[in-house]
Amino acid sequence: MLFHVRMNVELPHDLPEKDVADILQREKAYSQELQRTGKWRHIWRIAGQYANISIFDVADNDELHQLLCGLPLFKFMDIQVTPLLRHPSAVRADDS
Amino acid sequence: MLFHVRMNVELPHDLPEKDVADILQREKAYSQELQRTGKWRHIWRIAGQYANISIFDVADNDELHQLLCGLPLFKFMDIQVTPLLRHPSAVRADDS
Amino acid sequence: MLFHVRMNVELPHDLPEKDVADILQREKAYSQELQRTGKWRHIWRIAGQYANISIFDVADNDELHQLLCGLPLFKFMDIQVTPLLRHPSAVRADDS
Amino acid sequence: MLFHVRMNVELPHDLPEKDVADILQREKAYSQELQRTGKWRHIWRIAGQYANISIFDVADNDELHQLLCGLPLFKFMDIQVTPLLRHPSAVRADDS
Amino acid sequence: MLFHVRMNVELPHDLPEKDVADILQREKAYSQELQRTGKWRHIWRIAGQYANISIFDVADNDELHQLLCGLPLFKFMDIQVTPLLRHPSAVRADDS
Amino acid sequence: MLFHVRMNVELPHDLPEKDVADILQREKAYSQELQRTGKWRHIWRIAGQYANISIFDVADNDELHQLLCGLPLFKFMDIQVTPLLRHPSAVRADDS
Amino acid sequence: MLFHVRMNVELPHDLPEKDVADILQREKAYSQELQRTGKWRHIWRIAGQYANISIFDVADNDELHQLLCGLPLFKFMDIQVTPLLRHPSAVRADDS
Amino acid sequence: MLFHVRMNVELPHDLPEKDVADILQREKAYSQELQRTGKWRHIWRIAGQYANISIFDVADNDELHQLLCGLPLFKFMDIQVTPLLRHPSAVRADDS
Amino acid sequence: MLFHVRMNVELPHDLPEKDVADILQREKAYSQELQRTGKWRHIWRIAGQYANISIFDVADNDELHQLLCGLPLFKFMDIQVTPLLRHPSAVRADDS
Amino acid sequence: MLFHVRMNVELPHDLPEKDVADILQREKAYSQELQRTGKWRHIWRIAGQYANISIFDVADNDELHQLLCGLPLFKFMDIQVTPLLRHPSAVRADDS
């Protein structure tokens, strides 16, 4: 089941650089592991913003939430979730 | 080059049913042809709304605009475009 | 799987009364049938508005969308969908 | 009498972890006690957000306010209240 | 129980003058009757707008909704309801 | 002359409790004194929010401003003022 | 007593030209008469918009409302009123 | 050339009182000097807010900006500029 | 003097095609004539929208308004004007 | 390929003056170097705001993002990107 997720990151400007580096390293590892399992199906950077648009493919709302609130950056993010489904005009097998 | 496009459709309620059916048939054909060329890379329906979220892969802004304003539903749509790029944490070859 | 759905109804003021009555009768029958199956789990009127807040319990995003766009009032509604899940503090068995 | 309540939590990022743990423990106990009395009739987590949607069943506006401003997290919450009533199409006995 | 109600009126500009006059006459009679019963406790015009701010004193959400959707102007109004209660600093006996 | 005033309070979460208690005590005394003079004609709490809706009866805009910016909580408030007048359908002598 | 008033005009595009010309002529006469009495103290056009920003000097909220709802364009306007007073730094005698 | 300028002031609540007093004194002197030259043509306080609405009469956009960013409170202000011109219905010689 | 102007076009869907073609032809001629004089310095289409972003170089606010309200599409446009000036970091001679 | 970029700067008020001066010096050098290469084609200050509107001419979305996130002020900016293309009415050779 697919979900469109937009994540905006707002790091407090006075967070120690070392802490930031540590969080970002863990965030990257966490994201890539989920991408490899297929649950985090797509991720794109939005031009000019510290933000991404992602597509998740999960079993249900609960699994989506557990994945999102496990993000190392979760407490610094504003996240908006939009439920998706196969479009009646879609031709690609993997657009659902 | 990738773009995130959100299209909201607002058909006037008093448009004759026959006109609507004609526009929708042409819209579907137009969309599927572009999907097959790979320029309209993804399309998903938003649950509960007459709206879609799409990913376009085009040469430049100009090509994107020509494709969008050629949509049979264009005059009945509110369209928002967001330029995307490969995310530094992306692992899939086709997320750029 | 639970979804929070808010439906605002905006009937064009010049719709013939007979058409309105017909739509509303079909809407009620449609809603009550879905409530009896358990898929439309709750429905409440918002005080002072021609709007409702509902909780749907469906298999997935696709089923939710099919149920919503089958509403006789669908073309006159503004619908917002919010995916829900069991709250970690919930005590009721049926809050998930 | 039913009310729809949406609670968004925004904890300052520099609140000591121990304080946070203490508040959350008291919040959970407070919520569960009210759920057991039937006054906090439903509570659901919103997917991807530190937020919940709840239904309260109280005697009047005053009781609702006293319950909400007694929340241990109250000063860190943005709360929106919407008064509800039985929908004319409702079939469930407990949707009012 | 008190509610703050803001009503904005938007009459279609092409409604026949006679229909408008009829609706407004019925609206005034309806409002004054409710004011005399004490249920519509206050009503004020907002300067420069075809809008009013009112205070209702009703038994519950349901009664409030029945009164509001009985307004002859209801289908031409945008109504926002805010539940009120006695303020801890209030000194007037009738501010609750 | 009547004004509708909505006051939202936002206290910084790290303000010392003693300072808060002092401000609130002065705020209450200030409000009650003005209520007794009749200038602060009504005050109601909004359910679920640290906010109030008030009606002021003052000589002019200037007096209203002097009363509001004298509030001990003024620097922690977001205040919105709406000028009111007697509604043509009003029946109560004191709704103007 | 001074008020800041912003008026946005939205004429239906299918209003007969003759009707528009008639309304605009009456609007101009009405405005100029009020300007000459000093009650409509200032009026400026906003660059690029069918809108104006005005300053009214009236006895009270009631007089302001009567003047505004007497505007021939009133039913085609969106009007926002902001109450003003003398600024403590003002040096001009007529800024109050 | 005339510009409508709205200035909202948001002083950080923990700015030392002495610093605030110093800034406000310099702000007042700066404003009054510009008012006397005629470049800051009008200034009014908005009732209930730490904000003003002003009219500037300057040679061009550049001069307007230099005057505004020279304000001692500039870094604590949210400023919105609207270009004005003589209204075709204006009768006062100095409304342009 | 430079101004940033954003123009959104909203043609009523039931405007006769012949009228639309006539307006668009006159709009194009009007725009190109102003571009050749240098007053309409830049014009760009926004991807995916019936809208443009333009830079005008005019003598003052009044000239800007006369040019804009002379647009054949003016009554079908939503126009937002932002006054610009030379940026202190600009290196191009013609960025002012 | 052209992009419209609006950059709003929000420096924390307690950033040490020396740090601010250093960032601004590096920002200016960075901007001017990109302007000289032609990639940052235009930059204008918005009157009354610590903000600019710029036009970038880059190879693709990716290059735009790399240039923007390399800005020394990037972490203190709110950036909005709008993709542009040649307008069908444009007459200047360099408006595309």
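Think of it as A, B, C, D, E, F, G, H, I and J in the order they're written, each chain with its own count starting at 1.
What we mean here is this: a residue touches a chain if its C-beta (ideal position, glycine included) is under 8 Å from a C-beta of that chain, and two chains touch if they have at least 3 such contacts.
Nothing here was measured: the structure is a model prediction, and the numbers come from that model.
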Chain D to chain J, fewest steps along touching chains: 2
Cα superposition angle of chain A on its copy chain J, in degrees to the nearest 5: 70
Chain of greatest Cα-centre distance to chain E: J
Length of the line joining the C-alpha centres of chain A and chain G, rounded to whole Å: 50
Centroid distance [mean C-alpha coordinates] between chain G and chain D, Å: 46
Averaged-CA centre spacing for the pair chain F and chain C, given as whole angstrom: 39
Junction residues of chain J, two or more chains touched: 2-3, 45, 47-48, 61-62, 64-65, 81, 83-86
Overall pattern in which the protein chains touch one another (line/ring/star/complete/other): other
Interchain pairs in contact, sorted by label: A-B, A-C, A-D, A-J, B-C, B-I, B-J, C-D, C-E, D-E, D-F, E-F, E-G, F-G, F-H, G-H, G-I, H-I, H-J, I-J
In the complex with chain D, residue positions of chain F that touch it: 11, 13-14, 45, 47-50
Partner chain B, residues of chain J touching it in the complex: 1-3, 60-62, 64-65, 81, 83-86
Parts of chain J lying in touch with chain A, wherever the complex brings them together: 3, 5, 12, 61-62, 64-65, 68-69, 75-76, 79-81
Chain F to chain E touching residues, read off their complex: 2, 4, 27-28, 31-32, 35-36, 42-48, 52-53, 55, 82-92, 95-96
